[in-house]
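Shared between the two complexes below is chain A, which pairs with chain B and chain C, respectively.
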Partner chain A sequence: MTRSSTQSLHAMLQVAGWIGLGLIAVAVSLSDFLASAPADATGIGPLLAPPSTLLHFGSDILGRDMLSETLHGLSATVRSALPATLVTLVAGALFGFVAARLPRALALSLRGFIGILASLPALLLAVLVIGLSARGWAAVAAGLSAAPFAFVRAFERARLQERATHSEYARATGISGATLLRRDLVYEFSDTILSAAARALAAVSIVLSTVSFLGFGAVPPHRDLGLMIAASKLYFLHAWWTAAFPAAALTILILFARLAAGLDEGERA
Partner chain B sequence: MLRFVSREAGRLALGLLGSGLLAAAISALALPHAGDGLIAFLIAWGRTLDAFGHLNFGHSSISGGAALDELAAHLPLTMGLVAEGFAVALIVGIPVGFLFGAGPARRAAAPLIQIVSAAPIFCAGLALAYAAANLLHWPVPTDNGIKTGLSLWPHSAAEFETLLLPVLTVGLAGAAATQMALRRAGSDGAREPWRAQLRRMGLSAWEVEGVYGVPQILAGLLASLGEVMLALLSAAAVAEWVFSYAGAADLFVKSVALRDWAIVAPVLLSFAGLTLIADFIGRCAARPLADPGTPP
Partner chain C sequence: MSEARQIVEVSELGVASSGVSELDNLSFKLAAGEALIVLGDAASGKDALLRVLDGTTRRSDEMSGTIQYGDGPALPAAKRGKPGIRVVYLAGAADAPLNPYTSVASQLARVLARRHGSPRASALAELRIALERFPAAPAFAALSGKPGELDAMDLTWALLAAAMAQAPDLLIADHAFADLTPTSIRTIVAALMQEQKRLGFALIYAARGLKTAAHLKGRMIVLRQGRVVEEGTFDKLASGQSHAYTRTLFKALPRPAEAAPARSATRGEPLLQVQALDLRSPKDIRSAKDGGPRTRDGISFELRRGAALALIGEEGSGRRALVRALLGLERVAGGRVVLDQVDMGILSAAMTSRLRRRIAFITGADDALDPRMTLWDVVDEPLRAHLRLPREMVAGHRETALKRVGLASHDGRRAVATLSPFDKRRLQVARAIVSAPFLAVIDEPLRGLDAFAQSIMTELLEDFRRQEGPAFLVITADVGVAQVLAEDAMFFKDRKVVERGPLRDILRNPKDEETRKMIEASLPASL
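This part shows the complex of A and B:
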């Protein structure tokens, strides 16, 4: 396989990722129409009924239709993940890029502080932020917990650009640091905003669903996929469908976001 | 090399100092009146820093026990899970990383790796539990009841079965991080111009890979040791929760839920310390591999 065919495969996977995310967006916005039962409607079918022609994804311990619940859960996860993605983009990617152009001592202090936050598992950082605020802030907490890694990456990219030839010429010709920063920000984000957003979406979806699984995220009756999987913990050994379908929906969401981000080989979200 | 190690040691010291300040800020919340405004918080922070300096990490507001005793009671289980998970990560991750990290297999495996990387670790843990219970008929402790300890050195088949699931969960997360680091290093190495130049000098592909390529890839893995440690610690938190074991990560989650900040702070400090130390060791070990010409 040549380099050009590898690149075209990469581009095809990225397009597939965006198409997948688009389909998920449609499913989420139409979840109330697509689902045959409203969210959290109990007694739709027999308790813990396996998948059948009547209930395609089976039912849970309260007789809720798992297909409808999975759609509603996916909708809740995506609706929380979108503001979290925005927080990661602003507090991570944007702030990291700007911080690198601050006076050297301040920039390095910020880089050091955020580096310490990046040395903590994002999951535990999110749990801590929720503990310090409230469960309703889970989306912001997930966004903030994914931000340190995005900050460090953006900071390093900005430092590289600062040492690039165009920056040296610009400084030599008297162009101000603020103008150069504005120019670099426009180029950086016009090229990478979609990819950075998809990358952040993948990261925050993992954190959000895991904090919900641990009991720090969504509050019943508004169940997201993580909380649905946590609720199935007591009986999934005998009723696999109660955990498998929400887990599959979550994995597909993260997979499409990773593909859309066009991550390089071995690159983490 | 000495200069490099000194610089890295300085970074480690600064990182540990910063983690200590952060932990003290969290622990200060446990003091009375710390929430009465910025000045009150700063005073409480100063007091906590002074206490930290004397190795006094405060007392749990729930059990009344010393925070260090609570940490000492729970950390060994997490450390054991992380150590055994790390062994699994190396045993599984390195062969898989080398198998799918070089040559045509690297490109062919790319979509599969994306799918595997997309599965959150708690889903993988539950899948393992399901397979163990239904295919192997092993006992799986997933009840939301009382948390128990875990024998890290099993003396019977039953103990081994109990240990294997959490260790495999942590190990698989570590293996994923390990093989991602190897793939990243392999991908970077494949673009290096010296590869083609060495072939032109008459070296076979095996010689180029074995003598020059493999050390570069291993250096890439070592440089990512901090990232692997992060994956292991996250997975330990999930494994302790899924399989109901009373480790330090479970203690952290429980303490945050109960707002027992005196306990949260030392757990946080120990996790940050573990990651920073792993990062330091990895960077120092990677340096001579990545650049064999580095003088000692």
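This part shows the complex of A and C:
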């Protein structure tokens, strides 16, 4: 496969990712209309009923409609993931670009410290932040846990630009560090913000779902996909649909986010 | 005496790519030992000719006419198979298709081994023998470096040696020496011509400018928009051109000046005063006993407002090191630099940066401008960052500057990365115009441009100096360029100034042997 055809395939997959995320956004914003039952409404059908023409995704141990619950869970996950993504972008990517232009010693110290944070599992960082704050801070914790990767990536890009010949010519003609930072923000940050956001969305969705699964995240009755999977632990061996549909929804969300990011693993979680 | 063997005959060759004609009705014959220079810009059709001759045509190319190689039959250009002669392609150092992560020797040996069907060890030996035939070439051990570790001249020697080791019948050189300095071009062309005598190959040299052609002195065809507009020997065309396009191309060729320069650096208020500048870094001194030998002994000179001084020398001769030291971009062991009546040595970093706002750079380096920026932003940035002008005023200054350099019709939102080298160069001039500098550092401004673009670029720089009146500090290896842009010169060799003074006097009577060689290489006596 030639380089150009590989590039066009990547571009097509990226577009497919954004279309997928767009569809998810529509589903999330219309979840109250699309779902036949309100969130956490019990007794909609028989207990642990398998998927059928009446209950397309079956029902859980409390008789909740799994299709409605999956839509509400997806909505809860995305609504938590969006502010978390914003935290990652600001505390990671934006801070990384700014930090690279700080005085050298300070910049390298920051890079070293945040590099160590990036080497720790994001899940542990999130649990640590939740432990030090409160349960309601799960979104902020997830955003902060993915931020070190975004910081390191942005910092390295900015340092590369700083060492580039054009930056040296700019400095030789009196262009200040602040103006060079403006260039990074205008061009580098704005050019990469969409893919950085998609990467961050994938990462924080994984962290948020996992902390909810472990019991540190969403609090019932507001169930996100992680909490729904956790709730199905006791009976999913004989009622697979209780775990499979929320897991599939989470997988699709992460897959589309990864595709939109250009198949770039980046901020792994 | 028998007639030389015919190597290639091209008859009525036409090339159209995706329906657009690139080359039309071109015919020529070339015998062994002959050289043909194909001169033209990027859209002249010479690239299409080269594609056909070296067998790298595209699927979209439609060809007409015939090509006859050696004693073989004349075959339609569209249907020809493998030529019955050895055709070898020689690229320039900057365009050579080399892997940046592997040593030059191993890559070239691989090409030779494939070509000859011989083992790698034997190919390496052939490459070594071919390289050692050139007395001025680097040692074979230098080729163990990766392409980025060799300078342009050493890489060109390596590529030439690999080409010669293939014993070509027809050598196609594609701007192979365009990025070299005049002295290097002269040396390498002499070596090439010696090899041509020994091996008897025919040479086709595709040229954008005339610097290499002036030394090759072969038959020349001038192509414009796919058609031959003029042909003849180099000397014939140099003495008089019948076509306006050829006249423009030859106008860019440096010739010994006839008129005295209008200004002299000895008058006016001093802008830049350099006293005993020792270019060694503090680290150099610490690492050497007793401060080490003072090989770069203090350089002193003065540049007056509006004057122009050329720093002439080969790569690594110390010209750029001097400019970097002047601008405070590199710490040096000693000396004093006074710019605009201010001692740069006592200024803080912020104040130095403020002073540098009145300095402009125009350079032949294609990465001098941020590739991410848009055309408009490049011009706007100094106005916004230094003067904080309102948007309407910025737009007005930008418009005027872009008009002056001929870029006003370009889409202002285009990224610099998508511009041609000539457009990037003009954009640097536009940025310099709006900066209203008192000093412009002009570093090899014509490097890599075709003759037509060189001619326009020279006019733009002259106009810039005439209208804005900055002092020029011209860094170049080409005395011809220096002659057009500066009145005074300092010649550098091994990081020392070997000769200085009014350029016109030095051109008439060079005192240093190296200076004389550089002048001869830049301004061939035949011109």
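In the analysis below, the second predicted complex is superposed on the first by the 263 of 269 C-alpha atoms of A that agree within 3 Å, B and C clash if a C-alpha of one lies under 4 Å from a C-alpha of the other, contacts with A are read in each partner's own complex, and residues count from 1 in each chain.
We adopt the following convention: contacts are C-beta pairs under 8 Å (C-beta built on N, C-alpha and C of every residue); 3 or more make two chains touch, one makes a residue touch a chain.
These numbers were taken from a predicted model, which means no experiment stands behind them.
Of the two partner chains, neither chain B nor chain C is touched by A:Pro103.
Once the two complexes are overlaid on the shared chain, A:Tyr187 sits against chain C while remaining clear of chain B. Within the superposed three-chain model, A:Pro220 lies out of touch with both chain B and chain C [touch as defined at top].
By the touch criterion defined above, A:Arg258 lies against chain B but remains apart from chain C after alignment on the C-alpha atoms of chain A.
Looking at the shared chain after the overlay, A:Thr165 reaches chain C, while chain B stays out of its contact range.
In the superposition on chain A, A:Ile175 makes contact with chain C only, while chain B stays out of contact range. Counting the residues of chain A that each partner touches, chain B and chain C differ, and the larger count belongs to B.
Touching chain A in their complex are the following residues of chain C: 327, 329, 353-361, 363, 365, 367-373, 377, 381-382, 385-386, 435, 441.
Interface of chain A with chain C (complex): residues 161, 164-176, 179, 183, 186-188, 191. Of all the residues in chain B, the ones that touch chain A in their complex are 14-15, 18-19, 22, 26, 29, 101, 104, 106-107, 110-111, 113-115, 117-123, 126-127, 129-130, 133-134, 140, 142-144, 177, 179-187, 226-227, 230, 233-234, 237-238, 241-242, 249, 252-253, 256-257, 259, 264, 268, 271-272, 275-276, 279.
Touching chain B in their complex are the following residues of chain A: 1, 6, 9, 13, 112-113, 115-117, 119-124, 127-128, 130-132, 202, 206, 209-210, 213-216, 226, 229, 233-234, 236-237, 240, 243, 247, 250-252, 254-255, 258-259, 263-269.
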